[in-house]
Structures are given as C-alpha cells and as structure tokens.
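So, here's a batch of structures to check.
Okay, so chain A shows up in both of these, paired with chain B first and chain C after.
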Partner chain A sequence: MRMNFQSKKMSGSASKDRMIAKFMQLTATGEKTASFCLSIHGWKLDEACDYYFSNPEKYARDHKQQIMVDRKKIQHLFDRYRDPSADVVSVSSSHDGLLRFFQDIQLDVYSINALIFSWRLGVVVQGQITREEFTNGLMALGCDSVDKLKSRVSQLDNDIRHPTKFKDFYQYTFTFAKDTGAKNLGIEDALRTWKIVLAGRFSHLEDWCTFIAQHDRRSITRDTWNLLLDFASTINSDLSNYDEEGAWPILIDEFVGWLRPRINTSTSSAMS
Partner chain B sequence: NIWRDEMLDKIHEQLVSAILHDITCDRRGVSTHSAILRDVIHSFVEVQSHEEPQGSVIELYRELFEERLLANTREFYQREAQKLYENCTVSEYMNRVIERLDQEEDRLRKFIYHTSIAPCKKECVMKMIADYEHILLDEFKLMLRDDRIEDLSRLYILIRRLNQGCKRMADMFHEHIYEKGKGSIELMNSGCSPQEYVDSLLLVFTKFVTMVRENLSNDRTFADALDSSMTKIVNSTSDTKRYPRSSELLVRHADHILRKGAKYISLSEVEERLRKFIDLFKYVEDKDLFQKFYGKKLANRLIHNTSLSWDLEETAINGLKDRCGYEYTSPLQRMIIDMKLSDDLTKELDQYLKDNNSPLPVSFSVNILQSGAWPFAGGPTAPTEGGAAATPEFNIPSDLAICIDKFKEFYSLKHTGRRLKFVFPLSCGSVVINYTLRQYTVIMSVYQAVAFLPFQSAESLTKEELQKASGLEMGELEKCLSAFTESNLVVKEQGTPDSPVSYKLNTAYSNRKAKFKLQASVVKEANEKEVTTAYQSVDEDRRIYIQAVIVRSMKSRKQLKHNDLIQEVISMSKNRFAPSISMIKKCVEVLIEKQYIERLSSDKDTYQYLA
Partner chain C sequence: MVSTQSTGPPVVTGDQLEELWTRLQLGLSDILSTGDTRNKSSLLEDADNLCIHGDKQDLYKKISREIEDHMRGCSASFCKLDFPDQTAFLRELADVWLKHSKQTYLIRNIFNYLERRYVISQHHQLLPLWELGAQTFRTEMMCVQNVSGRCIDSVLALIEQERCGDVIDGSLIGTITLMLRKLDMYRSDFEEAFLQQTNEYYRRQAVAQLHSTAVPEYLGYVTRSLEEEERRLRLYLGSSSRDQVIKTVETNLIGNHIEGLLEKGFDAMMDGSRFMELQTLSTLLSRVPEGVYHMCLYLYDYIKKRGLEIVMNPEKDKTMVHDLLEFKCTIDSIIEESFPNEDCVDVKKKAFEEFINKRPNKPAELIAKFIDGKLRSGNKEQNEEELEDMLDRVMVLFRFIQGKDIFEAFYKKDLAKRLLMGKSASIDFEKSMLAKLKRECGSQFTFKLEGMFKDIDVSKDLMSGYKEKDGSTVDLGVTVLTTGYWPGYTPDTAVVIPSQIAKTLERYKVYYLAKHSGRKLSWQHSLSFCTIRASFNTTSEKKVDQRKELSVSAYQGVVLFLFNSATKLSYPQIIEATGIEEEQLQRTLQSLACGKVRVLRKTPQGKDIDTGDSFEVNTDFKHKLFKIKINQVQTKETTEENTNTTEKVFQDRQYQIDAAIVRVMKARKTMTHPVLVSELYNQLKFPVKPTDLKKRIESLIERDYMERLKDDINTYHYVA
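Entry: the complex of A and B
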C-alpha cells in the first residue's frame, strides 16, 4: 500500500511538472507564474492558459526582469539602426535601418515571424518602428541585444500557439497590412497577408484566394477579415454546418455559394 | 347484483344481437320499437349505476354493447358506401351520404347512450368519407373546372369532417386559383393596359371570393388559400431582379377611376370600383413602390385639377389607410389638405385685393404645396423629379409679375417667415385666341404661354426673336414650338436664302372645343421617365428604411442576437414591403462599417449598439 501511495505521489508531481513546462512554453512565462496560475485553476492546463491570457498581470509571480534587461542597451541598439532624419527605424532608401535590423536578428521579412514580431512590438505603421515601439517591445520580449533577439525570434511561433493569442494576432494583421489612413484593406494586400497567416489553418484557403481574386470587390472590411477566422475555425470542410441566413458577412455567403457546387462535383467525381 | 348475474350474463349476446338487428332495420327504413330499444340500451348503464353510483357507469355498457355497436355500424356503412359508390354519380353519392349522416345522427340521439354518439359518427365518417377521400378530391378538380357549385358545397360539408380534410381541399383550391391567375401574370408581363390587367384579376378574384362565401361557408382555411394564391399572382415576377408591374398598373387604374372626364358612370359605380381596387391593393407586397406611384398620380390629378372629387380621393385614401396605417397615407392626405387650404387662400386673396382696391390684371390663383408631402422637390436648387433640369429662367411677362408680387405681399402678411418657391413647370395659364374665326381658350403650361405671348405683337417670328422676347432657354423654347406646331396653332415656314425659318400663327385654326388643353408629346416621355425613376429609387429607399429600422431597434435594445434583429426588421417592414434576409444582412454590414453597431467580441452572433 505504501508503495502505491508513494508512486501515486510521484506521478502526481511528475505530471504537474510536465504541465508547468507546457504552460511556460505556451505562455512564455516563468516557472513561478506557471505553477501559481495552474494551482489556482485546479491544474487544468487549458483553463489555466485561458485565464492567464485574459489577465497576465494577475498571475505574474516571476521577477519582472528575471532575465535582466537593460533599457539603456536597448536605446543604443535603436540608435544603431535609426534613421538619420527621424526617430524611427525604417525602410527609407537612404538608410534601410529596418532591413539591416531584420537581417541582423535573422528575421525573414516575408515570413509570418516578421508579422508576429511587429505584433509583439505593436508596430502601427508598416515599414517603420518608432523609438517607443522598439523600446517597449524589446522590454516585453526580454531582449536587449542582437543575440538575445536572434534566439527569441526563433521561438516567435509559440506566441500565437493559443487560440486567443492567435485571434488577437490575426486581427492585428488587418490593421498592419492596410494603409494607415484607410478604413479597408486592398485586395492584393489582403491576399498576400492571408496566404502568410492562415497557411495551415484554413482548409479552403486556396479556394478562398481564387474566389477573392476573381470577385469584383476591391477591398476587404475589418468585419469580413475578422469573421474569416471564425469561418476557418468553426465550419466543416464540407460546409455542412454553414447557415447562409446567419450572422456571416455577405462576401463569405457568396464564397460558400461559389464553393458548394465545386465541392459536390469533386466528391461525386471522386466517387465515380 | 341479481339482474346482472342472472339475466345479463346469460342472455346478453342474444340481447345485443337483437338490438343490433333492430337498429339495422331502422337504418334500412323499417320501423322499430324505438322506446323499448332505447330503454334496453340504457339499461346497461343503469345496471352499473345502481351498483356503483359514484364510479364510472359505462364499463358494462361498453363491454357488452358499445364495441359490438361500433363494429356493426362500421360494417353497415362500409357496405352502404360501396353500394352507393357503385350505383351513383359522385354528386348523388355525396347527397346520399349527407342524408345518411343526418339520419344516423338522429337515430343515435334517439336510442343510444350519449357517450357512443361521437365514436359512432366517426365510424360513419371513416367509412363513407375518409375511405373515398381521394376519389372525392379527384372529382373536386372537375367540379372546379365545370363550376359545379352545389357539388362544391356538398363536398365541403363532407370533407370538413375529416381531420385536416379542409387543409387538403384548400391546397387544391389554392393551386386551381393560381392556375387561373396565370393569365393575369402573362398580361402583366406583356405590357397590357391597366384596365385589361385589373379586369382579369377581378375576374379570378370575384369568382373565388364568392365561391368561398357562398359555397364554402366562408371557411377560414379557404379564405386563406384564396389570399395566398392572389398574393402569389399579384406579386409574381418573371425576372427576380425586376419588380412586378402590378403596383404600377393598379395605380394607373385607380387614376382612371378618379379622374374627370371618364365615361359617364354613376357615383355608386365609381365607389364600387374603388372598393374592388382596395381589395386588390391588399395583395400587393411592394407597398412602398405602390405608394410612390400613387402619390405621383394623385399629385398630378390635384395640380392639374383633373380629380373627379376630393371626397372620392379621400375615400380611396381611407381604404389604403385601413390596410396600412396612418403613416403610410399621411403624405397623401396632406396633399388633399393643401388643396383645400389653397382654396381658402384664394378666397382670402380675393378679399384682400378687394379690400385694398388693387385688382389684378388677370385672374390668378395659387396652390401652396407643403414641400415634404408632394413628390416634387422643394428646395430652391434641387431638380424636380422626372429628370427635368432645374427651373429654367425666362422673362416673366409683366402681368404675371404683378400677380406674383401682389401674392407674395398678401402671403407674407398671413405667414411671416415662410419661403415660397414658384414651381413654374407645374403651373399653367390660359391664353385666349382672338385671331381665328372663333375665339378659343387654350390652357398651356407657363413656359408655353411665355413662348406664345410674343405673337401678340407680330404674326410671324423667328426662333431667335422668340427667344429674345421670351427669355426662355433654347431647349425649352424648342419643346414649346414643337407643341405649337403639333397642335397646328402655329405653322412652321421654310426659310428662304434671304430670311431664316419662321413661325407663323395659323389664322385658319379650328377646333371642335372652344376651350382645350395644349397637348405635347414630351409629356408622355416625362411620364415614362417618372415610372423608370420610381423603380430605380425603390431599392435605395428600402436600404435606407432598413438601416433606419436597424439603428432604431439597436438603440432601444442595446444588444440583439442576429436572428432576433432579422425578425424585428421583417416585422417592422411588413406594411411596406417584404425585405429579403440578404438585403437585411447587407444593411447590417454597412452599419458595422459605419460604426453604428458592432459584433460582440465574445459572440459573433450578437450585435451591440455603439453610442
């Protein structure tokens, strides 16, 4: 009996450790935070993660600068890449600070990681990072040097692992991709961005892009953009649970109308 | 219980057989001992009620008698129905069955205990009607085709006893009416006259509404079938993108009825036609389109004084109001009020002129139109509907100028702070012609009168001279000149190398009527254009209306689920038109983009009002 009791205890703590590790990976937090949040929420991983994301400050138990981040170093880093004429790191043709910066931290400009990075920094205008965005962003990422950034960049996909985080990121990319003054996003930019951010998350992505390219709409509204994620995540690939009279935007209704016959012919030809 | 044990238990079988035998005889028309029969049958119940007065008293009755009675009834009427069916026409069959049913009812009430009446009747109905339902309903089609209305009444009496029988019969009724109505739909699509269309509709409608009332007992199910069929007929459209022309045709028909100068028909006949018109109106789904047409026609009648009578106009409008409510007809009623007020105003003007001893050079009257209610634009710079350009300028003849100034003086004393805009395109004047053999009074539009007046000083004028004198813009002048030449009042003379084209008064002009209105073909074009504009603007008006409803609903409810919002919009639009869900969704999207409403981030199916 004793042995059983002992082994139970051991497996209990081992699974807790695994859970802590998983939590840390999902939320990019430290061990103290992870164990605190999990213990409050009955060691249920998904629940704890949800609660964490909705209120990170509440659970933060690790010393804010567990990895010591030097604000001054960040400022110097900024100055290395900044434009001579404005207090930003940008893609201006004379100086190209932004491209050099991305190259140095090994961030591929056309990858999803570049978008995630921009999202973490809260970049408002494409093609430039302000001093404030740069500083606050790097502090939040816990990086004050090119080396630290290189390592952090390789883990960026963790930041969007949780659905709530991904949703926030996805909605951000609309604002980021469009012209700052415009309300809506042009078709070309929309397609380009979707292909990057929804790859692997939307079974009908290719069809959607084909449909949009030949449609006469010239821009995408924020509402349609946002709802596309709901569509990708909740609608079956045979469209069986789609309700045309429901709260979906008209463009998505039209997509379903366009797609349905194509699906039916391909399944029937597959059967014959 | 001695009676039960000694008597009933031993002989009940023969007793019941004897009873049933007697009942069968009665059914066959042979007289029986009705009093005895009744007492014996009731005795089964009494026996039990003696035993247990508080409990159920019909157990014994049921067990010994009722079951066998029902079986007997069933068999009898099955045979009876078979016999009748084999030997009679369907008409006779129905007659005989009705007879049988009535007889059986009497019989049952005479003899048996009351709890058996309903089950027995049901057996009769099942065997004589339900079993033959499909045959009867097949015959129904023939009855409709051949107008056999008595048979229809009989069929109704029988079929209504079946569960959902009326529904099945009414569905066939609906189909039949729609078939008959297809002719009207074709007429509508082929460009017929309003009279033809309305006559064909009324032919169908009157026939079947009479049928429902007189042969089908005004049964609700059939009345509804008629309504839904008529709705389908009146609103059918071959091309889903276009609106059915029924609104336009009905309004033009009403216009003919309400106009002066129609064939001499009595007041009561006019009122009858109006009633029928309202009956058909209730089937129109695009009531907003109807209102547009009606308003335009009404405005025309009022302005050009071609209305038969204001009372009749009000009768018609009240008919519309009964169906659609006060808000729907209030602009129409306002127009009539404006006319009445203008009448009073004219009298006051006359008094004012008398009091001030300043008579006008010509007789002059003004109709004041409240700009919101009339289908013409009110603003000083807005163009008038129908595609006409903004009011062209012209040199106002001195007589007219005096009248206008005097009127403005009078009106500003009466109502300070109101702005008057003279709408010349709608105004007309009468010109007296004295250069012909007979004197004629010609009613023409103000522009035409202004173009004509220069002939007071010269018999023949060139276009340029006319333009200089009248001050009209060339396009407008040319329209007037073509009206003059079309009517033969003026003759166009070919130019010679020395002198240009000129227009000369036709001193030999003659007309049957001493007083007449100058027609112009341009008027017809303008009317057609108005119609096209009306169809084009309806979609936009509906979008605006739906958006307003959405904003109002969201403002008062703060939050609404998608389905609830849709239902709300549909119910609020019911009196004007039937919005499609897709149109409503488009409007929702527009409002989200304009940030009047937003989706909840936690629930994409719920909308929230943004203050």
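Entry: the complex of A and C
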C-alpha cells in the first residue's frame, strides 16, 4: 500500500506553509527543520521526506526539537522499572517491569505500537529493554517522563507512515520476532507478527496465513520475510503482474500457484 | 531455272505472259483439287519465267486469290457435312488440313523463285507462301462457322474421355494439335481452355479419390495420373504445355491436400514400415512447395509419439532399452529407404532427443543396466561382432540423453560389481566399452572408471607379491580400491570376522602398509565373498557325511561360522555376534534360510525375519551339486541401492549448481535473476528446472554467499 504524495509546483506561501505542516507531521520535526529541508529539495514533499529520513541529522535545525530532554530523568525512569537482578526492564515473572512500564505509558502489548516502540528503541531481545536501549531510545523520542511517553506513544503510527520507514520497521520485526540465536523465524511467530504488521497493507494477508499454516515449511527465512513486503506492495490483487520466472522466493511462487485458482473461481462465481 | 539457249532471246510479250499464267493457273487448280499435277518441271519453268518477266506483285496476288477461292469452297462444303461424333469431325478436319498442307508445300516449291527473289524482300508486307497458305486456312476454314470452337471442344472432350479411361485416337489429337500450332492457334485458342479443364478435372478427382481410397492407393493414383499426363503430352499434345499441366496436376492432387494426406495415412504407413509407399509419398510431396516441410513435421510428431509410448510407461521399463533399439533401427531404415534427405535425418535426431528426455533419469539408468547385462559373463546371446554392434547402437541412444551423470553413477556401480565379483564376460569388451564412452564424453568422464581397472591390475600384482612373501596356505585374494574411483560404500568395520581370517587379513594389511606407508586401509566386508567347506551331519541312520562347498558372501560366511560353536542362535544373538547392520543381516539370513537353498533352518518358518526367530544348521540339507553358489544376493541390486544411487546424483547436482552459482556470481559480482539463470543453463550439463535453481539461490542467500540489492529485488550481489 503506497501513500500518494501530491507534489504540485507550489508558488504561494500558504501552500508552502501547508507543506511544512505536513512535513512536520510526517517526520516529527520542528518548523525550522521542515522548511530548511523542503527548500533544499525544491519544495517537493516526497523527495524532501526521503532525503530527511536517510539523513535526519543533516537537516535538523531545531535545537533539541524545542523540547529539552533530561537524561537523568530517563535514568530514574529506567530504575523504577528495572529488574532487581539485571540491568534491564523485562518480563521476568517476579518483577514484570516491562508489563508495568507498558501499562503506565498506555502501550498495548499486542498492538503494532508496541512493535514500533521496540523498533524505535532498537530492542534486540524480545521481552527485555537494556539500559542503553532505554536511554538512547527515549532520548531519540524526546521523552523523559511517563506523560511525555503517553502522548508520544499515541503518535507512533506516524513513524511508519513513509514507505521507506515502514520497510525498515517491517524488516526489523523479523529480527525481533525470532529467537536471538536462530537464523530463521518459526511459523507460529511469523504468522502472529504478520497479522499485526501487515494488517491493512496486504490484500491477501488472510489467504497467505491460511496457505502458510497448511504448508509443510516450519520456518521462514529472512529473505522470504523481506520479499513478502515487496509482494504485498507491488503485486496486483488479481496477481496479473506476477512473474513466475522472476526472482521471487519459491514459497511465494507456491503461494501464487495455490492462490490463482481460488481467485479465478471466486471471480467466476461472482460473475455468474 | 531459266533456259535461254534453245529458243534464242527471251519471250516477253504480254500474250505470252498470259499464256504462262493460264498454264500455271491450270496447274494450281490441279494441285488444289487433286493434290498433285502432271507436269511439275514445266510448271516450274513457267513459274520462273513468269517471275522473271512478269509482274511479281501481280503474280503473288493471283496465287493468293487462287488459294483463297479454293479454301472458301472447301470450307463451304465442309460446313455442310454432318458428323456422327466428335472424332469423325476431327478426322475430316484433319484430312482437309493435311491435304491443304501438302498442296501449300507443293505450291511453294513451284514458286520457289518468286519466294526467294520477291517475297522475302517484301517480308514486311507479304507472308511467305507457306504462311500464306496457313493463314488462308485459318481465316477461311477455322474462323468460319465456329469450326475452331468445335474443333477445340472436340479435342478437350476426347482428352477428358481418355482421362476417364476410354481409348481414343491419339494420333488424331496429335495431328490436330500440330495443326493448331502451325496455325498459331494453339496458345491463343486451345491452351488456356485445356489447362482450365485439367485443373477442374483434377480438383474434382482429388476430392473423390481421397474420400474413397486409402492413402497408399491414392498415392498410386497420383503417380499413375502424372505418368498418364506425361505420356499424353509426349505422344500427342506436344511438350510446350508440359510444365503447366504437370504443375496443375501436382497442385490439385498433392499440393492442396498435403495435410489431409499426412493426417490420414502417415502414421499407418510408418507403423507398418511401408517403405515403398513412404518413398512414393516422399517423392510426390517433394514436388510441391512445403510438401517436404509438412512431412518432416509429421515425421517428428510420429517419432515423438511412438517414442514417448516406449519411454513414459513404467510398466514397460524392463524392455525399454530393447524396444528403443528396435525402434531406432526401424526409423533408421525407413528414413534411409524412403526419406533420403538431410532434413529428415535432422528431424529424427531432434525427435529422439526430445522424447528420451521427457522421462527424467530412467532411460539413463536403464541403459546403464542394459550394458551391464551385456557385459556380464553368462551372456550367451550374441557373438563378439553382434555385441560390438549392439553396444555401438546403445551409444547412439546414450548420446541423446541429457542427464548423463545418472548413467555414470549406475554404470560405475555395476562395473564395480562386475570387477569385484569377477562377473565380467571379457576384459576386452569392458575396455572397448570404456573407449566408446571416452570418445563420446571425454576423458574426464572415464577417468575414474579407468582408475577402477588400474586398481584391479595393481591389486593382482600386489597379491602375487604378497603370496611370494607370505607363503601362507590360505587361498586369499585382495583388491585394494582407491577411494574416489569406486562408488561410495558404507564402511562396515563393526563386522566381526572369524579370528582365523582376521589374522590373515591383518598380515596382508601389514604387507600393504609397508609398501605404502602414508595410506589408510579399511576392509569393506560387504563386497567380499568366500568359499566355505561345510559338512552337514545328517540325522538319519545312514550317517553319510553331507559335504558341500558353498560360495557365499562374507556376511553369509560370518553368519555360518557362528554355527561352528553354537547349535541354535536367536536373531538378536546373531546381531550381536556378527556386528552386521540390521537390514543387511536380515537379507543375509533370508538368503540362507528362506530362499531356494536353505543351509539354515529358521524357526518359525516364513519369509520375514523377526526378533523372535531362531536359526540352526539345516542337517537335512540336500543338493545335487557339490559346489553351490548362494551369493547372488551380492550381485543383485536392491531397491534401496537404486534410490541411493539416484539420490547421490541429485545431491551431487545440488553441489554443482551451488558451485556454479558461486563461481558465476564471484566473477560478475552483480547479476539480475534472468541473466544468472540463463548463464547457469549454459554451464550445467544436466537438465535443471527453474525451481531447482531458485531453491539453490535461496539457500545461498540464507547462507550469506549472496544477497539481493536493496532497491531491486531482481538483482543479486556477491558477498565476499
């Protein structure tokens, strides 16, 4: 699912303002950064966003995002939730700091926001946040208190609005979902994650999950995981532009082969 | 000729000229009415004189008029005649013409002087006398009262009758057509109508004949028709229309029905090896454009169809190679006899290659087995020459196969068995076969096979050296196999060899390692065999010692030896005591206790070996022979062996694909998927499906040998 940006040649300053506002919303930056970046890239919103995301530091013009973030406060926050025995906030049965933390910042554990949050923090191991991840993550988010986090959490879906960002996020979820030592991702975890992250972005998500569940593959490779997103975003709903001779992974080839007759019968029954 | 001398100066008076003409006129009249005249020589003289002294132009005109008048009269009387049929009409016409021709000829001779001295110089305005006569005939006879129309219709009708089988007066037709030619009317009045009629006739005939006769008969009809037309043209119609007539016949009878003919009759003729009929078909088709082209298509389809029937049916596997050889032989002779042109030979090759490879792997395996059968001793079917010939023909089949590595694996396995069990019929045949394979596939293919032969020879030398040195009495033969040359064997060092034999083996090992200190030797008992002297004590009163010599495999021997120190043994006990792998052991026990030759008795009886079974020596064992072979079990191929062999080849293919991908990617660093796939197809010598390649690519991506480009999922990049 791609979002269409309209890049018209704008002349009036009112339209420039509109663009700046839009840019700020998309990139969670300040006004100075937004207008700087846009002006460099000929006021083309699409391009400007792309460039910004690839190199955010280059364009940052607002001092510390107008909001002062207190590192010490963040450390205190971490200490409130951390495990007694390790320097992490985790889901250990005794302490359950992670769950309380999520509850306090109103983050639904099973939602996509939880995943986006983990991604922003760069969490490596599921079920725990290290001190470093916590600190650097909250700094990047510009939050040093539960209240600030609460409001930030509600805007998390912005962070994956741009396709490049979403791709990065999606590819991250593979690493996050699998066991740390394993190379590939187990089917159960894969299905669970797909249902969360690809909801609304993949017209054949349900079929895909049915297909995978009854297939004899027991794990998903990173390559197949990544390419599913390309499949979801570039292939037509009727599979008309799918090239079997192309470089698609075999599992996706098999899915198309499995899906095609089902599509044809449903369209023909719709017609009759 | 002018005679001047006798009568003095020449006569030139007008009266005399008149006189001359009168005489000539009479003469002409004679000729024209009777066809001849009495005084030819004096007429000639008169003609010459009149020519010299008189008005030539006038004379010409007068002659012309005479002929014309006469012709008119002829025509009038001709047209009054009634003719019973067309033949009679033509006969009369021909008659008139012939007479006229003769007359004109005569007239021309008489007025030869005029012709030469006057007419020729006036050739722009005046026709030569012969042509004058012909033209007069045409205008006054033929073009009057539709005589020419009637004439042509009659001729066409007669030809049609002849085509339908009637006998007609051919020479009459010949005369008439010659007349038409001489009258310059053949092309303008006759030919087109004739060609149209021919076209129409054969168009109808084609449909009728095709409908009612089988193809071979039809071909006969076509051949005969062509011959008949040729004959007619040659004998009476003249050859100017020949090419067009023949082309019309060919087009109508063959050209417009090529597919119909082939569809209807080709396969049946091929099935029946009808050489003559096929040759006729081929000849006739070669006469029309695209005839041979279509025939080649049908030939291709036929070969493919029949070939697939032989190759694709698993129930026919036992006779596949034999059937293929026979089929190839038949096709070869048909093509040689009936289709001797390059295109057909090409078609044959393509078709064979196409169908043989439609069934992956099996033909290669069966060909290897077939050759094994022929090279084994005990093959008394053919003499040397026949065998050589047959092997050559098998090689031709082999050439078509695309997955030659399957053949190599089975051939090697069977060769190993032959060499180790001493089952080769003749080393010369083996070497000759090897040479054939080398010629066909190159020395890399046969390198390992040659190594196997070397091992055999070297082992023989080593053995004689050992025997000299050791001087033991045990009759021992050892073959040392170089790993890599021979097929892979599962090591079975756990097998417990009777100590006596084990000692001997150890002595050999010492001897060998003394010669080749860096090497490692391990015994492969599954391949070994021995002869055991056994004595079965009977339980009957006779107490005759039943002594036998048993040829057994090493495994069988190991099991039998156990009964030297135990009367009865359970299956688990035997497992423990022999160290033989269970599946092998079961087969061994079955061969000793459940087959035709039962040297052991199993309790309870039955074909399968269960843990509850127990074994003892069969004291009632009887056999008419003293020397008994029980070790065929080693030479037969089990289904596991078979699947193992093919599995190994597939494994190997995977490695080869991987290696090829890495090689190509390393060289080019970045490649798109289609380019990589096409490059791999070039490099790999065995058949691969696109999915096979994709599987390996994915595997290599997973193992981080290569990756996809970030922005282009269709392009790969080599990871150093």
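The working rule: the second predicted complex is superposed on the first by the 260 of 272 C-alpha atoms of A that agree within 3 Å, B and C clash if a C-alpha of one lies under 4 Å from a C-alpha of the other, contacts with A are read in each partner's own complex, and residues count from 1 in each chain.
Keep this in mind: contacts are C-beta pairs under 8 Å (C-beta built on N, C-alpha and C of every residue); 3 or more make two chains touch, one makes a residue touch a chain.
Predicted model only: the values in this text are computed from it and were never measured.
Once the complexes are laid over each other on chain A, chain B and chain C cannot both fit and instead clash. Contacts of A:183 after superposition on the shared chain: both chain B and chain C are touched. When the shared chain is aligned, chain B and chain C each come close enough to touch A:249. By the document's definition of touching, both partners, chain B and chain C, reach A:221. By the document's definition of touching, neither partner reaches A:87: not chain B, not chain C. Once the two complexes are laid over each other on the shared chain, residue contacts for A:230 go to chain B and to chain C alike.
The clashing stretch of chain B relative to chain C, chosen from 3-11, 57-65, 165-173 or 435-443, is 165-173 in the chain A superposition.
Residues 183-184, 221-224, 227, 230, 245-247, 249-250, 253 of chain A lie at the contact with chain B in one complex and at the contact with chain C in the other. Within the complex, the chain A residues that touch chain B are 183-184, 221-224, 227, 230, 245-247, 249-250, 253.
For chain A in complex with chain C, the residues that touch the partner chain are 183-184, 221-224, 227, 230, 245-250, 253.
Residues 672-674, 677, 690-691, 694-695, 697-698, 701-702, 708, 713-716 of chain C touch chain A in their complex. Considering their complex, residues 562-563, 566, 581-582, 585-586, 589, 592-593, 599, 604-605, 607 of chain B touch chain A.
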